[in-house]
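One structure follows; several queries about it will come next.
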């Protein structure tokens, strides 16, 4: 198969899966929260409410997009594009199996961190261009939070890179298979927790949802967004949830691999295993979201700068010492 | 907020001390009237510097309905329907002090059974009000689950209220001299009327048991939550001197460490017959306000369970004239409502309706401390403080 | 070399895919959704009252410090990655070198904490 | 490699255009966004030069951090929506042209002097190699960088700190 | 809380303020409008009445547009009423003073009780009473452009023009004298 045909097929597959994963996670969220709150959740749309997310998306598609008079139109209109482009770009490096991957980049993890930092610009410009005080505050909070938690995110990955001696995602999974243990057990437990906390903050989910903080800032940086542009932010959020959880399972939980299953069949069970692990992690995040209030902006910054960053630096040092000495 | 320096007291400025300080200007932000967490249509005009609030001015009146004026052109029984709508989260409790005031002016002795029924329903109103608070307050600081649990539990209590009064929010159940027969009990002229619905005692016991369980659950889910604790502890501390000066009453006053509960101090309903405690806070912060209200639910459930046990028999209505005319006189009757002290100053000139009715509502005084408490707070704390005051706009604006 | 370029063509395609998704959503919505702006609809939201003050007000200087801290630690992280890949080869020397590097930057963080710039009040 | 050359020229043109837009637009935030485009194009150019690590660093540090710092800075110093008239300052235009042209001249001269006809054939720099060189040949500059960063941090904090400088004076 | 305590408090108030009465368990003192602020200072300092309960006014007039007018003739005046209480017992004192309607003004209580602020603003807009030395005397509830003082007896309610007072007085039948009330349910 030529490179271009292969690329075309892969892009089409991602085009199909990304929204499906987002909808799947939306369903998990609505059903999961309903279960936690002792209520039935969506029931009437389709099969016991199972196509509810699709119906929601369809609803947003035909909603009027209101663009307020005072906004900075080009910036306002294109702000969601930054976010969704960055998030979809990350699909490149998610390995479903050693071969089922869009592209196994040599700098895979580093690529992840670089690209995910782009969405900060989308959020900040969305907040600013809305010409709304709530949006501006939300945008600033979001940017302040995204940068504060990007560091622990980056630094917690370093431990994995030290152990795996590679930045390619497939390489990292293979290393874990070689180890016989996923990295979460083999020394990177703290890093995993830091990664998950930082990822939750990066996704702006409760308890780190001050940028949206609907009880304070009404809807934060997307207060003025409506209709389709709101949907794009919303879908990006869930695609991001999928990507982050998938990356976390790859880096720390052994990715597509499960012990005892024959490695030659990995192309068949790999995707299922990874998606299973991803949804499991996502469900934990959902459970956290529905049981915690949100932090205050200063408490959040304190947590990042005074706890997570020093801790992840210590983790790097400890891992490095282990690596060199033993 | 630029601070002016006293020229006489100014230290010598060295080069190092004249460092560049980037001062940012204050921004005026309207919070409300259409805002998710202002409990309706309260508007706060806040001057903020970044996240920090330099001053807040509440703007009221978006719900002002002029009840004091309306009451002057209503007969006494008609006023009861009005006062139901003041604090609609505990509509039943609003009626009590007004009815008690009118009875005092008319010098009517209310039958004991009617008193007990009033007491039970008042406590149910208190429980339902505090359930709403236990849902709304965490919601405001970002926890979305408790409100669903609270609403589910409150439903049982509201069902009981409805089964007796026929109304969930606005029962309009009290009559001068007693209470109405139970909802759907048929014409009141019958010889044998039914004052409480069938199975009421049993259902109440079950429901109160559930309330006690719910309180335990809330103390675990909300109070035991670390994020909730760091968001509420030492936030919005209200010293008791300030609270007294501003007429802040009810759970907020008790959270500031003042052991004052009209149920113990006053005798508008036979509370002295029951054994219950008054929960008090220590620091007067948002967490204490939450915990006082939550413990109060437990005490209320206990009171109801006791009242069910020794419910006296007898009539539920004293003898009153067909057309109620209140003799000339003035009185102030107050009661411990879920939100705080509610009182009515009734000036009667012997007419069909009051000459002047001053309605003292709890939330009005309670939120008048907002400008003081919010000065210098952070924006997220504004929401936490506002939520912890548990006000209802109908109770503020009347 | 070919593989290297294919890597980044793929990356370009994927980021392009994000943009395509954006455009597809926007155009489908443009076909389906109504467009009836009224003066009230297109007004800036400020809780139902007319917005106070025109243009933009300034915001908190604190965020600037966070931004500054972030830039510095970001640069640090960039240096850590090549080192992390190579740890085995570099051995003790690399370890010590990097520890000095991290330590000096931690000093910066401690300075920031001590100067209370991370505090909000 | 014909196609790559054409692509490079196209990118250079894009780079130039967005660079010009950065300085000519009178809207500060638009300028910052054009700067993002400029940097993104530069990153792509680096990729074409097989310096993928540098390209990603450019995205991570410059787009992800420096631009955010820019936006923060702009928002702190009042960023009205829409064009800012104060930015159109006619009297400085000539001076600006002179300075930028001379900088352009100097850079062109230096680059031509250094690389004139050298053809750089890169087989891609492995990041591993980069790390090795960084901690062996360039170890001194590398450690120096940490001091530079520390200095920048302290300087920035001193500038932007909001507390009362007089207070410190008393404590000393 | 017991009866003797109550009486002790009432007696001490009555010995201090001549013009006092207890009507329907409500202790009310009437003072001169000149000593309005001083009275409150005294009550706060000497009688431990720290809890500022409320403040309001009454418009005394025989010319009532709607509703019942007083049966005996009254001198048209505003009566300012405040309520102070304690936070350790049920004791409370209603203080009242009368001011003329022509020039309705009185000293503000804000310096004694900060909580009087909003109550005085309410009385200001509802009755048109001027509180001297009030820090922020503007309308509390009503829109700034609103004219008139709604709680004046001369203020007409439009709804009552359509349906004149007292309208239809609905009287619900009361239970007969000797009815037996069943214990619980049927």
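We call the chains A, B, C, D and E, going by the order they appear; numbering starts again at 1 in every chain.
Here, a contact is a pair of C-beta atoms (placed from the backbone, for glycine too) under 8 Å apart; a residue touches a chain by one contact, two chains touch by 3 or more.
It should be emphasised that the depicted structure is a prediction, and the values quoted were computed from it without experimental measurement.
Asker: Comparing centres built from CA atoms, which chain ends up most distant from chain A?
Answerer: Between chain A and the rest, the longest centre separation is with E.
Asker: Counting only C-alpha atoms to place each centre, which chain is farthest from chain D?
Answerer: When every chain centre is compared against chain D, the largest gap points to E.
Asker: What's the distance between the Cα centroids of chain D and chain E, rounded to whole Å?
Answerer: Each chain's C-alpha centroid was found; their separation is 71 Å.
Asker: Please compute the C-alpha centroid of chain A, do the same for chain C, then give the distance between them in whole Å.
Answerer: 14
Asker: Could you please state the distance in Å, as a whole number, between where the Cα atoms of chain A are centred and where those of chain D are centred?
Answerer: 28
Asker: Between chain A and chain B, what is the separation of their C-alpha centroids in Å?
Answerer: Here chain A and chain B have centroids separated by 43 Å.
Asker: Among the residues of chain D, pick out those that touch two or more other chains and give their numbers.
Answerer: In chain D, residues 52-53, 57, 60, 64-65, 68, 72, 75-76, 79, 81, 127, 160-162 touch at least two other chains, as defined above.
Asker: By the touch rule stated above, which residues of chain B touch at least two different other chains?
Answerer: In chain B, residues 22, 24, 27, 29, 35, 51, 378 touch at least two other chains, as defined above.
Asker: By the touch rule stated above, which residues of chain C touch at least two different other chains?
Answerer: Touching at least two other chains: 7, 46-47, 51, 56-64, 66-67, 69-70, 74, 77, 81, 84-85, 94, 98, 112, 120-121.
Asker: Quick one: which bits of chain C touch chain A in the complex? Just the residue numbers, please.
Answerer: Residue list for chain C touching chain A: 6-7, 9-11, 13-15, 17-22, 25-26, 28-29, 32-37, 41-47, 51, 56-57, 59-60, 63, 66-67, 69-70, 73-74, 77, 80-81, 84-85, 87-88, 91-92, 94-95, 98-99, 102, 106, 109, 112-113, 118-121.
Asker: Report the residues of chain D in contact with chain C in the complex, numbered from low to high.
Answerer: Interface residues on chain D, with respect to chain C: 47, 50, 52-53, 57, 60-61, 64-66, 68-69, 72-73, 75-81, 123-124, 127-128, 130-132, 134-136, 139, 142-143, 145-147, 149-150, 152-154, 156-157, 160-163.
Asker: Could you please specify the touching residues of chain D with respect to chain A in the complex?
Answerer: Contact set of chain D toward chain A: 27, 29-30, 33, 36, 52-53, 56-57, 59-60, 63-65, 67-68, 71-72, 75, 79, 81-82, 126-127.
Asker: So in the complex, the part of chain A that touches chain C is made up of which residues?
Answerer: Residue list for chain A touching chain C: 3, 7, 10-11, 14-15, 18-19, 60-70, 80-81, 84-89, 91-92, 102-103, 105-106, 110-111, 113, 115, 130-134, 136-137, 140, 143-144, 147-148, 150-151, 154-155, 158, 161-162, 165-167, 218, 223-224, 227-229, 231-232, 297-298, 301-302, 305-306, 309-310, 313, 316-317, 320-321, 323-324.
Asker: Where on chain A is chain B touching in the complex?
Answerer: Where chain A meets chain B, its residues are 33, 36-39, 133-134, 137, 206-207, 209-210, 213-216, 218, 289-299.
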